[in-house]
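To start, the structure itself, in structure tokens.
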Amino acid sequence: MSAITGEQAILIEKPGLAGRISDFFWKHPHVFLAVMLAPPLLWLGIIYLGSLLALLLQSFFSIDDYSGLVNYEFTLSTYGQLLNEANLDIIIRTVSMAAIVTLFSALIAFPIAYYAARYARGKWKAIFYLGVMLPLWSSYLVKIYAWKLILAKEGILTWFLAKLNLLWLLDAWLSIPVIGGNSLSVSYTGTFIVFVYVWMPFMILPIQASLERVPANLIEASSDLGSTPQQTFRHVLFPLALPGIVAGSIFTFSLTLGDYIIPQIIGSSRLFIGQAVYAQQGTAGNIPLAAAFTVVPIVIMGLYLWMARKMGAFDAL
Amino acid sequence: QEALKELGKGEGELSIVAWAGYIERGDTDKNYDWVTGFEKETGCKVSVKTAATSDEMVALMNEGGFDLVTASGDASLRLVAGKRVQPINTDLIPSWKTVDKRLQDAPWYTVKGVHYGVPYVWGPNVLMYNTDVFKGKPPKSWNVVFEEMNLPDGKSNKGRVQAYDGPIHIADAANYLMFHKPELGIKSPYELNEDQYKAALDLLRVQRKLAGRYWHDAMIQVDDFKNEGVVASGSWPFQVNLLKSEKQPVASEFPEEGTTGWADTTMLHTESAHPNCAYMWMEHSLSAKVQGDVSAWFGANPSVAAACKGNELLTDEGCATNGYNDFDKIKFWRTPVAKCESQSECVPYHRWVSDYIGVIGGR
Amino acid sequence: MRSDRSTSAPPGLKIAAAGGLLFLHLPIMLIFLYAFTTEEKSYQFPPPGLTLQWFAVTWNRPDVWEALSLSVRVASIATAIALVLGTLCAAAVSQTRFFGRETISLLVILPIALPGIITGIALRSAFSMADIPFSIWTIVLGHATFCVVVVYNNAVARFRRVSGSLVEASMDLGANGLQTFRHVILPNISTALLAGGMLAFALSFDEVIVTTFTGGQQSTLPIWMLQELIRPRQRPVTNVVAMVVVLVTFLPILAAYYLTRDGDQIAGSGK
Amino acid sequence: MTAAVLFENVSRHFGAVRAVDAVDLAVAEGEFFAMLGPSGSGKTTCLRLMAGFEQPTHGHIEIFGETAEGVPPYRRNVNTVFQDYALFPHLSILDNVAYGLMVKGVVREERRKAAEDALAMVKLPGYGARRPGQLSGGQRQRVALARALVNKPKVLLLDEPLGALDLKLREQMQEELKTLQKSLGITFVFVTHDQGEALSMADRIAVFNDGKIQQLGTPEDVYKRPKTRFVADFVGSSNILQPEFVTQLGAGQQLASLRPEAIGLNSKKEGQLAVSGVVLSRSFLGASNRVTVNVGGTKLHVMSPASSPVPEEGSNVTLSFAPADLHLMETTP
Amino acid sequence: MTAAVLFENVSRHFGAVRAVDAVDLAVAEGEFFAMLGPSGSGKTTCLRLMAGFEQPTHGHIEIFGETAEGVPPYRRNVNTVFQDYALFPHLSILDNVAYGLMVKGVVREERRKAAEDALAMVKLPGYGARRPGQLSGGQRQRVALARALVNKPKVLLLDEPLGALDLKLREQMQEELKTLQKSLGITFVFVTHDQGEALSMADRIAVFNDGKIQQLGTPEDVYKRPKTRFVADFVGSSNILQPEFVTQLGAGQQLASLRPEAIGLNSKKEGQLAVSGVVLSRSFLGASNRVTVNVGGTKLHVMSPASSPVPEEGSNVTLSFAPADLHLMETTP
């Protein structure tokens, strides 16, 4: 290698298109940013948000009761309809279900995530990962039908409980008002179980990710300062895992809020928001009311996302 | 819009919105196939979209993209009013003249003398029940699904009965009240004033306590009879036949209060892309063979008298079994409107929709 | 976490974790079991007998193949679109700082955070307003919209780890923007994109609700399943399909796991 | 007097790795005890054995005369200042400091008071409301210290607490720590790989290598009388003279170490040994110059005060040193 | 001769932060130029301005006489060794080193050869097939060096290249770098916050503070004749004497700096100034002892060679120093 190179300190502009494009973008980073952002922003900002806004707009129209055609005149009557007793029931029913499903999903998911994050190593870690991913990606519909078989009055659970002479337990549960019913598959309990089953895996991975991000030495520091393992959990581990729980709950909450298939297959015919939207849109052709119904989850999830972002839950997603 | 003047060549395709079991191509049972032959003959490839309720049918037609719909009486006039279906030139359908005279000018598809379709099949909503539970004592009244009682097997009917998950079921309650509470003065179960309507809803609230789940889809009702311990429910002959064919212990009854029912019309979409194929289908659908086969499969009655005789699948007793002679006792589905005929003002359909959701929701 | 290497989990935790996993897997076993039942109309328990016939029946049903082929096409195209959009977005957000970055990550998350029925119905009514007829493309459009986020999340995480100085090092060594993309950025994010793409594919492949609204007459595999499950003719066929899909997705999921995990090590060594 | 910390033949193995290997040591009460050694030599593991995060594979540990094996960290009256501080990111500074008291059940007002006192002691009064993320490295280090000290531990363990700080701040913190230790009288066990830090701060130093203690003694012992080549080399820079070279000097037949600052340049005094050589290179270090001299094939570093003249590169020089500064060592490295 | 790098009144502001503030400097061709300063003082930003990763907010930059503003990094014949090395994790060592040649379109065989030569030059022959993850810190550092040098840059920029290495390795690499620079004759611009490193390696040093150059000169200039209190304090440790104290000594009326090693303990020689005080504390640093003495309320540090006796704490001592060692400075800090 020679001591001093003969070359110029500044190289002449490279010919060729690639070089010129590079130079252009380098000199105009804002143009470059715009070029990168344009496709996703056009897609999400124009097509998606545009559709969403158009839908919201529809909620300010009304429908002709007899012909089922939309009457394109501004009115708040659809919102008036949204707030009638039966529809309020639907909203309350759905939101309560989503909240309880989220709570229980977190309760069941946490030990799995905790074990996977802090104890599972090597092969076991992979097994846990697959153990969570497989249910997540196996057909949603077929899983629901599997639960229908389990929960039916003459289904598998009954069969097992009968073998174990525990049918009285089931009957006792079913006789509890509100959550009970004629059989699990036509009760809130059944709907709840299937919701938890189907959405809970969405909770595990974010919790696991946030637990894995808790540095080991914080746990040690806590123990060093005199915390028993229980105290460490309460004061250190849980607060630090919270963003993960919130991130997971975005899924469990939103998916429960909008699902119409589960409560229709496993449930007592009392509508959930998703079913109401589906029925108003598809069955009754009442697009304005359907649109007004969608405002409910949009507002709820909007608030939820806002809160989640404040808690730093997006990083855990 | 003017009706078609003359028939051209088939367009090669035809899409139909239909009730489950209305358009069969032998998938479920090889013997029941009235599509394959038609396709061979006309070159029109048939696709079917099944709908579970009349409301769904109206919504699908509003959305467009279909040629034909097998609309029931509670949907047909809404489709006409919404200008979703076009007038039919009966001259282009040779079999039109074979149609049962009781149906030829039926008000649910004839407006000011103009026909907006051709009749398909009709039938009653029957009371299906479990023969093991009722032990040779078939229920004579709809009260088994409306009022709490012990069934012949000694257990309560609570949690063991079902009802149809569609607002039109309010008419079934009204029909029950028409018989049991004449003082309400109900003339037609589809024309209810506020008081009559309220009484019907009250009855349905009682029913809500008995029904674990409402049936929305014919196939799911079949499942519920098999797996969910449901022993009695308003139903269609279709489900009865299906369950019987699976050797399930069910039978159906035509209760003393009479029943509601449906008389369906094949209607042509205003913007149909395949009108020629559609006319060919309407002609095909009125043939005695098709009418008989559909009636046998669905448990319905043909709109062509000739179908009652000599059809292998329906057999010669079929029409009688399915209620062919009870035509006058059936109150066919209509769309409830505010300006009703029998009294000054009635509760319109949109209230039926929201109130029924409320009743099922426990309101 | 190193501190736990020497300790083992408390028994209560082990039981809860195992119980949770069991809860997740028993119903799936059931799906597998009923792929072999001899009874075809409704499922009784225990199954009256076991048979392999449904595999052959499934193989010979053209509607299965049609639905499968549509699903594969939809998922592939949606994934491809999501890969492009998600990567662009992730690159913009993580390589530069600009006003509104936060809003963009919110925008990307929105389609998955709002219930599918809202996405579906919004797009459906937009299609009808714009007089766009339903087709495979309307399905793809819906799916791509909510798939962007998984690609985005994977890519953002990787971009964060691929130290920013790698790009500068490349430019410093004389590579222009395109060369840097080709030789440095792409190789470093490829495993993350692959993993994100697989998740996007799986998400699209199993989507029912959005498809219900954005699809016309075509049925994707889940829509086909919905019809099959409601109308019981040869119900075990749906189980065979579900089981095969689970088994076939097993390998890509495992691959994605190892790819992203190794990626950690590779990309992390830049520090 | 019972030792504050006593190791009797303590080992901690991780599979085949002998992180700590048959270590004996006794830290006296009130002592500032440093553990010095290169990366991977087992210092941290020793500390973790004292804190209770690790259990010995063999051997016996006592803390103030009581057996420590099997006692979990949260039941040892021993606190640790972690290398990266390990402050709780979700708690305020005050809550961080009060944490140990909180889990012990001290009432709110009282622990608040104690935490504020501890913050004042580390010269961070009024910082209680902030979050760890809002402090600089040196401030965090002091918070970590306050958080440990508020519990009034019998032994304070510090794992390279100054490692992440830059030079000026490190020097300042060294002084503060030392002063604090003196005034509190708590036993400090301090891990570092910076020999300067260990020399200037500790009462006694244990030099670790490969899980074993190479030498244990006062800073002067360790610096001036290194027992092994490893210690001579690791603690301060040193010229290691091969036995042949030493033989030529007539000073013995062993490996020897000679500190660069013990060598005079062209300034032989009476009774000193002398060799001559050629200057290879020199570099300016501020307070002194480092001159590298080739003495018959052996490279010797000489540290000469900035005030003395620096010979040119290539010039001949005489190196001289007192025989006492030539420190003979065990020949096995 | 044209300067290798020329800054004329260069500023780089980030919003309100003046990372680089009106800097003038000229790096001569073939020079080993160090930029020294505390964290956040703008060293890295200066380097990035040279490399082309940043554009100046004001001012003008030339590289070998050519205007550099607006020229992208990939068209500057200037290469950088990054603090964290920034080796491409997906490429082998050989491909890493050959990267610059590859993107320039040098054919495979040729660039392979050149890369192997460069690896040999940094004493890593035969390591080409490995991945960066399989090398130690010091080895990675050398790969980063080879990767830059293979392009035969006119200027090599190094951003704290030794910051992540531990003491022994750092000393060794310092020597190697210096030797390499001498043999290649390439202009090196070297960023560090370690004053020892800057003093021992550089031909000239620019001392940065708050985005400004405080002093620019040879190591001796900077160490012995600090212009400002900041420089005196930052480069080596120093006793800063307040004007009042200096007045009392009769040596002037300005702020002055006095190096601890320039002070004699109880050893006044002729012509020296002397003050007396009480020993506050002393600490052993190996090659020397640091003694802190209270002189009428002013704390003075004295660095006394290990060979001299160390006075007891509390004893009275006389401190003496040559007037020339008392360096007067601008009073504004």
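Residue numbering begins at 1 within each chain, and the chains themselves are lettered A, B, C, D and E in the order written.
Here is the rule we use: a residue touches a chain if its C-beta (ideal position, glycine included) is under 8 Å from a C-beta of that chain, and two chains touch if they have at least 3 such contacts.
Since the model is a prediction, treat every value here as computed from it, not as a measurement.
The chains in contact with chain A as well as with chain E are C, D.
Contact counts per chain pair peak at A-C. Between the CA-based centres of chain B and chain C the separation comes to 41 Å, rounded to the whole angstrom. Chain centres here are Cα averages; for chain A and chain D they lie 52 Å apart.
Taking each chain's centre as the mean of its C-alpha atoms, chain A lies 14 Å from chain C. Contact with two or more other chains is made by residues 3, 174, 176, 179 of chain C. Residues of chain E in contact with at least two other chains: 72, 74-75, 78.
Shared interface positions of chain B, i.e. residues touching 2 or more other chains, are given as 63, 220, 226-227.
The part of chain E that touches chain A in the complex is made up of residues 30, 63-68, 70-72, 74-78, 117-118, 121, 149-150, 152-155, 183-186.
Note for the complex: chain C touches chain A at residues 1-5, 8-10, 13-14, 16-17, 20-21, 23-25, 27-28, 30-31, 34, 43, 45-46, 84-86, 88-89, 91-92, 96, 98, 102, 104-119, 121-126, 129, 141, 144-145, 148, 153, 174, 176-179, 202, 206, 208-209, 213, 222, 225-226, 229, 238-239, 241-242, 245-246, 249-250, 253-254, 257-258. Listing the residues of chain B that touch chain A in their complex gives 52-53, 55-56, 58-59, 62-63, 78, 81-83, 158-160, 165, 211-214, 216, 220, 226-229, 335, 337, 348-350, 353-355, 357-358, 360-363.
Residue ranges of chain E in contact with chain C, taken from their complex: 51-53, 72-75, 78-80, 82, 84-91, 99-100, 102-104, 131-133, 147-148, 151.
Looking at the complex, you find that chain A touches chain D at residues 215, 217-218, 220-228, 231, 235-236, 239-240.
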